[in-house]
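Chain nomenclature is as follows: A, B and C, assigned in order of appearance, with residue numbering initiated at 1 for each chain independently.
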Amino acid sequence: MAEVVLMPQLGESVTEGTIGQWLKKVGDPVEKYESLLEVTTDKVNAEVPAPIGGTISKILAEEGQTVAVGTPICEIAADGAGGGETAALAAEAPAAPAPSPSAAPAAEPQAPQPATAPAADLRGRYSPAVRRLAEENHINPDSVAGTGAQGRVTRDDILLAASRPQKQAQTAPAPAPVAVQAPAAAAAPAPAVGTAAAAPAPAAAVIDPDDQVVPLSSIRKVIADRMMRSKVTVPHAWLMMEVDVTPLVSLRQSLKDDFQAREGISLTYMPFMLRAVVQALKAVPAMNAQWNGDSIVLKKHVNIGMATATDRGLVVPVIKDADQKNIVGLAKASQDLVKRARTSRLTMDDLTGGTFTVDNTGAIGTVLTYPIINAPEVGIVTMEAIVKRPVVIQDMVAIRSMMNVCISFDHRVVDGAEAGKFVQVIKQTLEGIGPSTSIY
Amino acid sequence: MAVMSYLEAIRETLRQEMRHDQRIIIYGEDVGVRGGVFRVTEGLQKEFGEDRVIDSPLAEAAIIGTAIGAAVNGLRPVPEIQFADFIFPAFNQIVQEAARIRYRSNGEFGVPLVIRAPFGGGVHGALYHSQSVEAFFAHVPGLKVVIPSTPYDAKGLLAAAIQDEDPVLYFEHKAAYRSIKGEVPEERYIIPIGKADLKRPGKDLSIITYGLMVSYAQKAAETLEKEGISVEILDLRSIRPLDVEMILETAKRTGKVLIVHEDNLTGGIGGEVSALIAEHALFDLDAPIMRLAGPDVPAMPYSPPLEHAFMVTSDKITEAARKLAKF
Amino acid sequence: MATLNMTPELLKEMYYTMALSRALDDRMWILNRQGRAPVVYSANGHEAVQVGSAMALNRGEDWIVPYYRDLAMVLAYGMTPREVMLHLLGRADDPNSGGRQMPAHWGLKRRHILTTGSVVATQDVHAAGLALASKVLKDGRVSMASFGEGSTSQGEFHEALNFAAVHKLPVIFLNENNGYAISVPARKQMAIMDVAAKAQGYGMPGVIVDGNDPVKVYEVTAEAADRARRGEGPTLIEAKTYRFVPHSSDDDDRAYRSREEVAEWKKRDPVITFEKRLLDEKVMTAEELKTFQQRIKDEVNDATDFAEKAALPDPATLWRYVYAD
């Protein structure tokens, strides 16, 4: 077996040594402690003695060569050894031998303990930075999900929460979750506002080199802000009903040319829908209302907003006193607003005072949507695309023109029963239309 | 620009400053013919003669006491204490004389004096060749204490110390002498005393340290970067006066501070830095200030496992920083 | 040799300074007993060694590093009675320390009196260091440290002598041996009779001189200074003397020495004996003496009044001069 001799550390702070002169050559016998070579460092010049007796089998570093402490410099074949395995031996104790397994743990308790010994659960324990930032940003840290040790809310958690646009959402004291007595049928369970506010912050966009970054237009900012506010602060519930509009389709078909000729505008389904919504609002006044924190405001006027797509984004012009208008009046009012919306000629008055919103999502071909309530209104209904479908009527299959009506409603104000009744009125009104229904 | 070891940077700075200013003299034990036990002053006696590079008797109080007298009478002495562990016989001269002469004479006398001393452990120096003694001196108004971490800093801080009108203790880590290398400009320059240096920017936590521990912290930071932890490193450079502004800046920036030094925990610089942060940056703190320091045992033992257990290592820094980052 | 320089004027100045020191000393005790000066350290009894040695130097050019008992020495070196009183009373304009140090912690840069602390023997190495610079800079200056025999037990005394002797530094170590370190007699400081004997161990001359004879002290100091200037290294002078008063105004020496012993030494009071000698040898006339005494009285009164009226330091100056900048 051969012993590898390593460059010894010759003195404090020395990291390398230069081979001065080999005093032995390969094949020379060497006694234990006999000098092998001279080493020069910038601190000392020294002769390095053999760690074992034997025969020099290899010289691994040449004279004049500078090698780091711990580098193999030669090998010695032990007396009577047949070679093969090698074992590294420094001529001196190695610079920093790894502590023995038993020594290391024994030493650890002596090592300084970090001053922080985190408590088992750090939720509800806030650092000064968290307290200050929460206060400055009007955030209730109780409502923020902690990502730190033991659930602790960290400074970064607060900063992330603060970077979300919905400041008011976090400002509001987290109300106790409303005891909801929704019928089992009522769609999704109403989420508590507190957890809504605690929803994780939006992930930051990843911008790759070729991506285009478009600054927000002012209308986009308003839309984003309103949608976010509504979605975060209003407990949305949702339901849908199918409406058989076959007679309505027939009626419109029969009237539209005449209507165009006489009124100068086309006759769409929208005024019929508006009329039905007015009926429903009258039947369920709680839908023509606004949430007011500790009360509900029932609105006297019925002002229906129409979600309208424009080139610049979504706007919601309002038909004031919709309950005072007949089908023709509603048709004229709605088309006037849509026209002006698309030509950017809406006034401030056109855009304010809504008490309920109708969204003609069917125009883009959808059959089912989940609209966001135009807060502080209580509800928003959609009229989906009218499609012909096989429908069972009196145990017979018939081809009917069907339209889905979806509603999102503020579950704080109304429950599923009222919302259901509301849509039911719309359904009955629309299905009740016949060939003799007057549009005036 | 030449790449030099930490030790070479000190030697070449001594040479350069001595060439520039005839008033500078060096003395201490073995600094002349032998060039110092670590070879820091090698070749200087040959160049500057026995009058300017003096082998003094083996008496630390006399080395510092005479340096005080020589400084008052027009020289710029740069005495060497062979090991920082041996500075204590001169403690009274440093703390009660050098540090107070300007104050007690109402500004009449000053002591432009630089005391160089190798310090620190991890080199099998045991109890009396391994100590970190900076905290004793950092406590004393009238003294300045600097500890470079790189060859570049070693030069700039030494030149600044030599040109300073007040007594400066210049501590050199023995383990850094030959292991740390870096580029050093040939021209003269100074690094102002009392200014810290942001050695690495980061955002998750700040490590505030100095001397050899800066390179250990850098190694730790590289490890942690792979784990997604971004570590800022502030090199204090000067232990007295402390750069309060930069300490507070980094603490406020990251909200989490780990102070690292090899010197004993209790009464170490970490306590002072920690107090400054607690006093002036409380509302930016997102975690308790953490200290990682030499254990409170009298000194560093000799046998490798014991020495290892004492030393603050890169691994220990990594572990502490990781814990703090996750807090 | 040195006596050739002893003109009548110098001898009279010697006497005047010794007598002035004694009078100032007495006044300081009065102020202390009136509660106007917190503490007093006296030169009382040491005037001859202090004035004789100081006047042998190139005053204001050579450095002295005195200790707390050296009132007469600093007066001989050019500190004024007003400055002494400003120091005693901690006034803002105290040139020693601006009211920072206790009384008798001398230091006056313009006269090359190095500031001193309270830990004894620290000044010995400072004097060696001043001399080291003189050797390197070849400025021709000599430095002199003075100290009591108690401080020769300190390590720095030995370190200073050894360092100075090895490097042949132009420095004089002047021991004012009054037999007591506060209450501890010299025989409990050292097992030999004479401080001067220690010089041999360091390789420098050790000279014993009568500390109550200013002329003899002058002579040995002048010789030591010449030797230093010739590059032959340091000298240790032991001037044997006695203090007539307690260590300080807070001490009571009756606890440790007999009244008889004090009375015996007072027969050799240097101010009285030197006055008599100058009169006897007709260096000074009775008329001159009377003039001197009046001048001294006036100077002491003026210094007291001046210092008492002088401003105290502004508390805001507490922060000054910690560092140069």
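What we mean here is this: contacts are C-beta pairs under 8 Å (C-beta built on N, C-alpha and C of every residue); 3 or more make two chains touch, one makes a residue touch a chain.
Here the structure is a predicted model, which means the values were calculated and not measured.
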By count of C-beta pairs in contact, the leading pair of chains: B-C
Central chain (distance from its CA mean to the mean of all protein CA atoms): B
Euclidean distance of C-alpha centroids - chain B vs chain C, Å: 41
Interchain centroid distance [CA atoms averaged], chain A/chain B, Å: 48
Whole-Å gap separating chain A and chain C, where each centre is the average of the chain's CA atoms: 85
Sites on chain A at which at least two other chains make contact: none
Contact set on chain B toward chain C in their complex: 25, 51-52, 54, 56-57, 59, 61-62, 64-75, 77, 89, 92-93, 96-97, 100-110, 141-142, 144, 164-166
Chain B partner contacts - residues on chain C that touch it in the complex: 63, 65, 94-101, 105, 107-109, 114-115, 117, 119, 122, 124-137, 139, 141, 143, 155-156, 159-160, 162-163, 166-167, 320-325
Residues of chain B defined as touching chain A within the complex: 7, 37-39, 42, 118, 122-125, 129, 174-175, 177-179, 255, 265, 282-297, 304-310, 316, 320, 323-324, 326-327
Residues on chain A engaged by chain B in the complex (per definition of touch): 12-16, 42-43, 93, 96-97, 99-100, 103-104, 106-108, 110-112, 114-116, 118, 127-132, 148-149, 152, 154-156
